[in-house]
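Should a chain be cited, it is by its letter among A, B, C and D, assigned in written order, with residues numbered from 1 in that chain.
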Amino acid sequence: KAGSERAARDLGVELLFEGPVDSNAAKQNEIVENWITLGVDVIAVAAENREGISTALRKARREGIKVVTFDADAMPDARSFFVNQATPQGIGEALMDEAARLCGGEGEFAIICATLTAGNQREWQREIERRRQERHPGMKLVAVRPCDDLKDRAQSEATALMSAHPKLRLIMAICSPAVPGAAEAVKQAGKKGAVRVIGLGLPNENRRYVKEGVTDTVILWKTEDLGYLTVQAAVALAKGELKAGASTFKAGSLGEFRIEGDNILLGKPFLFNRDNIDQFDF
Amino acid sequence: MNRWIREWSVVGVLALLLAYLAWRAPAFFQLQPLLSLLAREAPSLVVACGVAMVIIVRQIDISVGSQFSVCSVIAGLLAAAGWPLAAVVPVAVLIGGSLGLVNGLLVAWLGLPSIVVTLATLVALRQCLNLVRQGEFVNLPERIQWLGLSQSQGQWLLVGGAVGLVAVLAWGLRHLAAGRWLYAVGSDAEAARLAGIRPRAVTLGTFVLMGALTGIAAMMNVVQSPQVQPLTGSGLELKAIAAAVVGGVAISGGRGTVWGVLAGLLLLACISPAMVHLHIDAYWEKAIQGLIILAAVMVEGLRRRRNHAR
Amino acid sequence: MRAEPAHPPAPGAAAGPSWRRWLLRYEVLLLLVLVVEWLLFYHFGTSVNRRGVTVGFGTLDRQFDILRHSCEIGLLALALTPVILTGGIDLSVGSLLGLCAVVFGGLTHALGLPLPVAAALTLVVGAVAGGLNAGLICQLRLPPLIVTLGTYSLFRGLAEAFTRGSVTYSDFPAGFLVLGQGRWGGLPVQAWLFLAVAVSVWIWIHRTVAGRACRVIGFAPEGARFAGIGVRGQLTAAYVAAGVIAALAALIYTSRLGQAKADAGLGYELFAITAVVLGGTSIFGGRGTVTGTLLGVAAIAVLKNGLATLPVVMRLNAAEELAGLLTGALLLAALAAGKLAERLRLSSVTG
Amino acid sequence: MSERPLLAFRRITKSFGAVRALRGVDLEVRAGEVHALLGENGAGKSTLIKVATGAHAPDSGVIELAGETLERLDPALARRRGIACIYQQPALFPELSVAENLALRLEPAAGWRRVAWAERHRVALALLARIGAEIDPGREVGTLSMPEQQLVEIASAIGAGARVVIMDEPTASLTRREQERLFGIVNALRREGVAVIYISHRLEEILALADRVTVLRDGQSVASRLRAEVDEATLIRLMVGRDVAQLYPPSESAPGAVRLALRGLCCRSAGGRPVSFEVRAGEVYGLAGLVGAGRTELARTLFGLTPADAGELWIDGERVTIGSPQAAIAHGIAYVPEDRRRHGVVLELPIEQNVSLAAWRRLFPLGWLRRDRERSEAREFVRALAIRTPDTETATANLSGGNQQKVALARWLATRPRVLLLDEPTQGVDVGAKSEIHRLVRRFAAEGMAVVLISSDLPEILGMSDRIGVMRGGELAAELPGGAGATQVMSAALGQPVEGTAA
């Protein structure tokens, strides 16, 4: 959000930002339709649900509104560009590779997700599984548990996972509240080092555990850059500076980004660990 | 026995579940994880007892989840601002109590239906918190955790405290005149008024007590981890109500015990870890949870049906 | 010693001026709230954008969007009204919506059934699920709250188990998507369905003996039995109807979003109950009107959607939160005003 | 008897909406006297005593207790000052035990007091024994029958050690034996110097008990006389404002063919015992018995509430099985239950909807409500039964007890039944209305209905019945002709040998 606001300032455009705290496809549709009737120029969405949002976005395009997606994509025909901070593939691979590295290539691990039905998380899990089969067959996924985006519930789930699977080597938390939740559980179970914690999250929520060595690695897309890039791309699109088929895109202060097909790539996912966490404060 | 049929059927289903676990997944019964599980459920237990009392007076409080969050976040902020624990706890209880007072005043004095009032405060408090915190965690200082004790001392203290609280409430509800008033008002408020009990005062008091218990519960939760998530406690109302009604508290008021609530909560709390231990895929969990809730109350229903036929 | 011979007052005399009685009715009050809301949003939420097009709250499109977005919750609220009138509750409608959505998706995609057949079967599933609730409540005489709390978990759980949490059915044929996205006779298609259901429920509740029976059961279940009302039959009808309406809502939901997934309708029951109680229906049963429910749904929908068109709110990025806050406030204010109006009505009667 | 009043009402007024229930009532009650309060249904008797117990705040006027004005009276204060009351509508807690129900009314109001359960049980046992009720103090009140609940109410009032005991129709559903026990208690209270306010519609009770009689009419006291100055006719004239010609109208028609026949009918699963008797068209069959004799249970079985599982039931020579109240209605059976508030009327519904409730099939054959029809039907009954109400849209809860009873009766008459089961149909009904009801019962019988009249009011049974069945322990102990005497019925009910015909 901060990044998108900076970009909006740089470019002198008006930015409407709406993000439900709880994620829900139907809600997002309503917001988009709201924007359509407001008659905005560009819509940028992080699709909560691929198919669900696409209908609304197609409608927007019919009305002459430009559409870009970021973070999570919609159907390709429903938008012009996808600002791809880290493809599900990128995230899945990064998580799985990191897990395998920490466990030395073999061992049991478990996943804690937000809900069983959240779209992007399902995709990450698919990628994780593919990577596991391809590169790390020694790793074994023993359970996937939802935590409803609640840190406390993640803590309980992690506790149960550890006692039910004594050979568990690693917990992979793929929603942000679950990372500190799992870390706290590992710490309380006295299994620091024996059970590793990695996940997707923000530096501030995990700083304590990363420093203590409970959490090993946190993967983060630099949200600020993502927001900045998205807004830059959206404005360029609206002004007609960015057209289909381009292969690079220059985004203000961030420099150039590669475009692959209709994906604008932000680069590889970013890994935090003990060494670099202090460089960030958000 | 007949009177406690629901309580016993819940205990029975719980015992079945535990027995099955002992057979298929004995690892469930390890001291430390079990203690952690109980400690994590201690706050829910306290809240569920409060909700049970509100239901006994024939009201309902579905705003507890939001109350819980507000107490937790404020307590967390105060602790982060350097307040000593001895000051934070009473403040949390006070805040809970005053949130309960607001509900209670609207219900008892304005005579609005409690489900509407607490539905309103549920949404309003939750959205206030979202507006103010935007989902950001509160980081707590180290000394708050486990009330400054060691982890296992702290966990024992929380579990013991919660059970002790249940025992005190159970005793009070059974053996204090004021406790019996709850049942009287829940059974028939007009009759209670004619018997010289002040139903409004009793209702108000119950809501305040409920709030204070929520404050205590929030503290019990806050001390268990070094961060407070503002979303904490969302969905707690449903869990608490479920524990109460499964544990035999009649939604029509005047009937129920906190011991039943304890059984109901333990049953509900065991389901999720049991799934993990039994290696059942998570997407079956809600269905099984629903079946267990139905099973636990079905015993009573079947029995009543048989009695009726006899 | 006697002052005056007291005759029982003539019928209607105690009623006071009837227009005043009517004005102080709760529904009229709600209507007033709705109109005020609408005018406020119309005034502050409508603007002309840079392309010279009128946008915001005041556009017809916007009004239709509100209509389309509130259809499913509105249907659930309608489904809940008779149930709540009987003194019961059905917490499972939101979960049932989810279950029916994936059942419909499964039937059309996995089994490849033709759409009308699949839709009909989905409605049957809704009826069966409602029947399950009714059976547990009537046959085993369990409290509705517990039963539907159980099925609330059960139905959602079945939907998740059925799709293993992840399968999303999409790619519905355009002919089906019309239901949730198209227009017919100037109005969104689902609005017609909604209207049909609303009118049916209204007739059922306010014009037939079955509706009266629901009320009597809500006031006094024992008394209803002693009056020879088939309590079980009426309760079963109410819960089965709730199931069928929830299934219908699932079809509309699926069509509107073009997808069926296990999380469909998550949390809708709370919105629906809010709308029903805002509409003046007593949660203890007996008292309430379908008109009230419709007004309640409208008041909440307009509030929620209208707020999102206010420039101030958009800049604050707080539509969601404010909508929640204001809904809460509205609930309290409306109910308090209802109480006050009742008192005024009584005092006007005293004269 | 001292001359200074112990309890005095001075110009009390009280309105409910448009209904002016009390319009300046003056009443003085002395210590050691039984002061009977009389009046038609809706005259304001219950309202007056609710003012005295602080349940209602008066609009104006004062209450004095032993010369001292009671300000801001509430039930707790009234109790502390020694005013105890048996309410007309039992104010009990259905989910709680009998012992606890008593304790909540008797124990001091301190909330932090420890509850002594054993003591409660003991006190309850003693009190129940004193009024001769055989009720287990541990039972939940919700499972008690109507008369048993009334006994619990009585126990709570006499246990309070009060200076003023108010009894609002304590005998409405009690049978002769309990009544007599109660009279003993009232007399004992009088001897102890307690002031008793006694409300009843049974004039013979009043004449037997009272020292002084006050008659209320339309919210005003129209007369206050010493017992010696009045007789039954005077009282009736004071209450109703006219003479009520004849209390029990004579049988007008000769009984026709057998309409209702029971052959060993019973519901074993509800603990019933087989019962056999026949009732002819145009006949009023009285059922007498003590509390708990099983009359209500029999009526419930006949009406399909606890369907019979043994024996046969014949209606108009046709064998029928009745598995539910709907089936009973379809066969033309109507049942006016004894527990008016819980079963007889739906308090929240308007009068007109209560009246039409059981007659839907006749009034709305298409299932489509017709308010006009319903209203005209209700108006007719309001007129015919002299139900005192501003209009037919008034909620039934706002009616006085006796008027509620008439609504319950109207509901079943509206079904045009062939068999009418009346369970305590005139409990709490004033003399005028009572004779009205009796006349109606006669008229309906004359039109060919078979009427089963269950009543604990022995004179009513004796006066109305063409034949009398006496029940005991769930069985028909004796069948007596209409002209039987009170002693015959009583001895049959108590299980003593009866001279005359036995069943």
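Just so it is clear, contacts are C-beta pairs under 8 Å (C-beta built on N, C-alpha and C of every residue); 3 or more make two chains touch, one makes a residue touch a chain.
For clarity, every value in this text was computed on a predicted model and none was experimentally measured.
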Connected chain clusters in the absence of subunit D: one piece
Remotest chain, subunit B as reference, centres from CA atoms: D
Rounded Å distance between subunit C and subunit D, as computed from the means of their C-alpha atoms: 43
Intercentroid distance (Cα basis), subunit C paired with subunit A, Å: 36
Whole-Å separation of chain centres (CA-atom averages), subunit A against subunit D: 73
Two or more partner chains touched - positions in subunit B: 130, 250, 281-283
Multi-partner residues of subunit A (at least 2 other chains): 21, 116
Set of subunit D residues in contact with two or more other chains: none
Inter-chain touch pairs (all): A-B, A-C, B-C, B-D, C-D
Residues of subunit D that touch subunit C when the two form their complex: 15, 17-20, 23, 217-223, 305, 324-326, 328-329, 335, 337, 342-349, 353, 357-358, 360, 364, 367-369, 379, 388-394, 411
Complex interface listing, subunit B residues touching subunit C: 106, 110-113, 115-117, 119-124, 126-128, 130-131, 238, 241-242, 245-246, 250-252, 281-291, 293-294, 297-298, 300-302, 304-305, 308
For the subunit A and subunit B complex, residues of the former touching the latter: 21, 116, 142-146, 148-152, 155-157, 159-164, 166, 177, 180-181, 184-185, 188-190, 204-205, 208
Interfacial residue positions of subunit C with respect to subunit A in the complex: 49-51, 53, 55-56, 59, 61-62, 65, 69, 160, 165-166, 168, 170-171, 177, 181, 253, 256-259, 261-264, 266, 305, 308-309, 314-315, 317, 319-320
Of subunit A, residues touching subunit C in the complex: 16-21, 24-26, 29-31, 33-34, 36-41, 49-52, 54-55, 115-117, 119, 122
